[in-house]
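Here subunit A shows up in two complexes: once beside subunit B, once beside subunit C.
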Partner chain A sequence: MEIKIKTKNNILIITLKGSIDSKTAPEVQQKVLESSVNSKNVIIDLTSVDFVSSAGLRVLLMLYRQIKVKNGKVVLVGVSEEITDIMSMTGFINFFEIIDTVENALNTY
Partner chain B sequence: MAELDFDTRIDYYPTHEHQGIKYRRGHVLPFGATMVPNGVNFSIYSSAAYSCILVLFVKGANEPYAEIAFPEEFRIGNTYSMIVFDLDFELLEYGYRMDGPFDPESGHRFDKSKILSDPYAKAIGGRDKWLAPPDWDNIYSHRSRLVFEDFDWETDKPLETPIEDLVVYEAHVRGFTNHPSSGVKNRGTFAGAREKIPYLLDLGINCIELMPIYEYDEYEHSKTNPETGELLVNYWGYSTLNFFAPKSGYAATGKYGMQVDELKTLIKEFHKNGIEVMLDVVFNHTAEGDHRGPTISFKGIDNNTYYMLTPEGYYFNFSGTGNTLNCNHPVVRNMVLDCLRYWASEYHIDGFRFDLAAILGRAQDGSPLNNPPLLESLAHDPVLAKCKLIAEAWDAGGLYQVGSFPAYGRWAEWNGKYRDAIRRFLKGEEGLIGELSQRLQGSPDLYSTRGTSAGINFITCHDGFTLYDLFAYNEKHNEANGENNNDGNNDNFSWNCGCEGETEDEGINILRHRQIKNALSILMVSQGVPMVLMGDEMGRTKYGNNNTYCHDNGLNWMNWDLIDKNSDIYYFAKHIINFRRNHPVLRNRDHFRNSDYKNTGYPDISFHGVHAWNADWSKSSRVLAIMLDGGHAKNGYTTDDTIYVAINMHWEALPFEIPQLPENKNWHVSVNTDMPPPHDFHQINKEAVLENQSSCILGPRSVVILVGK
Partner chain C sequence: MEAKKITYSYVASLDVLESIREMLTQAGNDIGLSKRKTYQLTLAIDEIATNVIKYGYQEAGISDGFFDLIIEFKEGELIVSLEDTATPFNPIEHSLPTEEDLNIPLEERPIGGLGVMIARQSVDEFKYEFVNNKNRNIFIVKTN
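This part shows the complex of A and B:
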């Protein structure tokens, strides 16, 4: 799992690569939650993520809850059709805005 | 002051180690496998085991990667518990080995060569995808798994709709959308059912009752149809492997182990749309069969506790399926209670329908109890306090308790007498007007102290003919089940309207459609809680098969194209269901008083016939009309229009004299099943004024419903 984190216009952009499953979720959770402590707005780029397991979905939702209490917003970018389907059937999709590219996501803030 | 972290607890740290796996003494309660900080707490009960071993697998592996014996100091009473550290929640599969006596006469059938599934497991692996070919050499076929129990329900909770306001739709998850005509993305799944919520809303349904969704093995007793070569399976699912785990094969995401989230999402969406979710639960037996059946879980953990056994150590068979769960053993009773609480609280389930519930009132020796502790516990349980509890009040051992099921002020029943009486009346039998009037009133003869809502009224359910087949077949046609037509009920009280099966005869087909509309009309104007079988609203047929438990094909998949083929039935069903939803006068909770206690000038209910105010109760009569006074709606707590329902099951048309309304009101026609579509009903609030306010002709075998306003 590769995790890249940068900031643009005060918006945190987290780029993930690989699978978010029970093996990688603890590391993603730690890094993502830590880096977003001082952010209200977060973009997560999943373009290079091929699978998100139950544990992975929960990391995303935990981030959402952390940002929500600050009245911020979490946007997911580059979500594959399969992951969109899984998130839709398991209800997780309702919590997020889904945008095709990082550029377009930046424009929503 | 610093926040108290989990790692400051002493039990965050292991005390023992085996093959590199760290563990410590666990917590006795709750039973099952529970995620705790840093590990998983395992706890299981057995009253007669000598010892117990926890067996751990990596998901899908043939062999376990570890077997950890519970040290004697981890056993408290008859429970074994331990916390194991650093487990991968998603990839773990676990089970138990129990060593103990094999002595069937004493009730014990321990076999330490078997790996046993946890009765309290929250998910079961092995049948992840519907009918995926199993590995028959698997040393552990139905594997216990962990689930995350942190679903984000937001503001959702069970709806607590008054039971008398429900219109229940009995559906099979797979059958509902598996036919290609359903048009959903993931056919036959929880996700697929979710796509059909708008359909149910439009139809007027506000409660869906799901046939069993606890994990079961569709391959159980599977066999090949000798005539067609087709695989016959355990399709309906009335054979539970585990009471806490949802059926993975019903989830499009089951292959990823996400069935729990998918089901909860479905329930959350149903609730958002005002639709309650009821589960058909099977606590009368398990999938382990009799002494010849497999050892999967209960049998190898504590046979004597979980099953009702004969003095010789064989299995009582009150369920007709091999064994009988020992429901009134205190330990089993607690398991049932834990299970229902779990579904009510974790899954927000609104109610439960108990399959062959008379068994739940039997003692450990099989005799019926006067005051069955399980039924009493459920009725008074704090968590289940607002759940609907509905009994199928009979069993396969001859105990028939419709009207006498121990209710404790809570329990409702599937009213089997309603089904039989209405069917016989519809097919034209005489001598039924007295009983018909009781059934229309919510069966006060059966539920005098329990109110109308003690009865779930139904004419059809999964078991038996569909509504269409009720008027297309005199006899069952179960050859496709591979049992020489010997299975299934012979007393169907059906009438084929003149030809057995499909016909081109227009007259017969018109009569069949009319009879379906008559049946739906009677069901929807009866006091009590109506239940509709999935597909009856569109004239679904099973081609005369009245026991389709084993078919994963068009006999059980609802063909959505029937909406077009039988559009008149569909539009009529939608009308009559919504008519009920619109008229509180049809939905009393308590029985009629047969008096004018609101001083409206009319009694709450009155009985009529060909002559107003003069019903014909004689043996040869096939005619009855009732008038429900709008001033007494909901037992007088609200007001509504006055409704007049006239039913003629005579084969000839008859003129009915209609009771007079107050001067400022007129009769309007809502339904006349004798009229060809689209004149068989008028839209709600757009009803046509009845031309002759004092009489109307009822065609042969037809129903007229008038609204007085």
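This part shows the complex of A and C:
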């Protein structure tokens, strides 16, 4: 699992690579929540994420909560058909903005 | 296709999840199962295997647990059975989140409880049996 973090125009961009399962999710959750603690606006780039289980959804849920209390926004980028399926099945899809590229996501702020 | 049955054994550790996904992806590819169906099968098994490892064994204080995945190729079906000797747990008796539950805003949602629903909905048929003191979760995917 690879986690890369940068900021652009005061927006935090977190790029994840690998699989988010119950083995890797605790580390991803800790890094994602820690790095976004002072951010209101976060983009998560999932382009290179090949697998997301319910443990991965939990990471998105925790991030959503942390950002929501600050009236911020979480945008997901590079969401594969498979990740779209699991997000639809669980109703998560309705709470996130999903955009095709990081460039276009930056333009939504 | 000739009926074929292969058994794989795993120690009850979250470390094995990745190799299970790789093995199942290979099995799906070998029989020409679509990418989407193959992924959904790996997801379903990942969710149940996680529960078996974390709750069936680790939380029950069993450190040397193991489980088997038995793969059967039949005419028009790929059947994967997950057999473990952990605490009996029937995912079919587990109540699933309702449509209403799934519309609860994420800030108010209970954390967890989605794995079993995801597993059951990601395969064509899901069965549970308790036989010879073993849990047997059966995942069936139609291959044509």
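Simple rule for what comes next: the second predicted complex is superposed on the first by the 109 of 109 C-alpha atoms of A that agree within 3 Å, B and C clash if a C-alpha of one lies under 4 Å from a C-alpha of the other, contacts with A are read in each partner's own complex, and residues count from 1 in each chain.
In this section, a residue touches a chain if its C-beta (ideal position, glycine included) is under 8 Å from a C-beta of that chain, and two chains touch if they have at least 3 such contacts.
Keep in mind that what you see is a predicted model, and the values were worked out from it rather than measured.
Participant: If you stack the two complexes on chain A, which partner ends up touching A:Glu97: first (subunit B), second (subunit C), both, or neither?
Facilitator: Touch partners of A:Glu97: none, neither subunit B nor subunit C.
Participant: With both complexes overlaid on chain A, does A:Ala55 touch subunit B (first), subunit C (second), both or neither?
Facilitator: Both partners, subunit B and subunit C.
Participant: Contact-wise, after the overlay, does A:Glu27 reach subunit B, subunit C, both or neither (first, second, both, neither)?
Facilitator: In the superposition, A:Glu27 contacts neither subunit B nor subunit C.
Participant: Looking only at subunit A, is it subunit B or subunit C that touches more of its residues?
Facilitator: Comparing touch counts on subunit A for subunit B and subunit C gives C.
Participant: Is A:Glu81 contacted by the first partner subunit B, the second partner subunit C, both or neither?
Facilitator: Second partner only, subunit C.
Participant: Could you look at A:Met89 and tell me whether it touches subunit B, subunit C, both or neither (first, second, both, neither)?
Facilitator: Touch status of A:Met89: both partners.
Participant: List the residues of subunit A that touch subunit B in one complex and subunit C in the other.
Facilitator: Overlap of subunit B and subunit C footprints on subunit A: residues 21-23, 53-55, 57-58, 61, 85-86, 89-92, 95.
Participant: State the interface residues of subunit B toward subunit A in the complex, per the touch definition above.
Facilitator: Residues 88-91, 148, 150-152, 185-186, 190-191, 194, 251-253, 256-258, 261-262, 264-265, 268 of subunit B touch subunit A in their complex.
Participant: Sort out for me which residues of subunit A touch subunit B in the complex.
Facilitator: 21-23, 53-55, 57-58, 61, 85-86, 88-92, 95
Participant: Given the complex with subunit C, which residues does subunit A contribute to the contact?
Facilitator: So the residues of subunit A touching subunit C come out as 19, 21-23, 51, 53-55, 57-58, 61-62, 64-65, 68-69, 81-82, 85-86, 89-92, 94-95.
Participant: Which of the residues in subunit C come into contact with subunit A in the complex?
Facilitator: 14-15, 17-18, 21, 36, 39-40, 42-43, 46-47, 50, 53-54, 97, 102-107, 109, 111-112, 114-115, 117-118, 121-122
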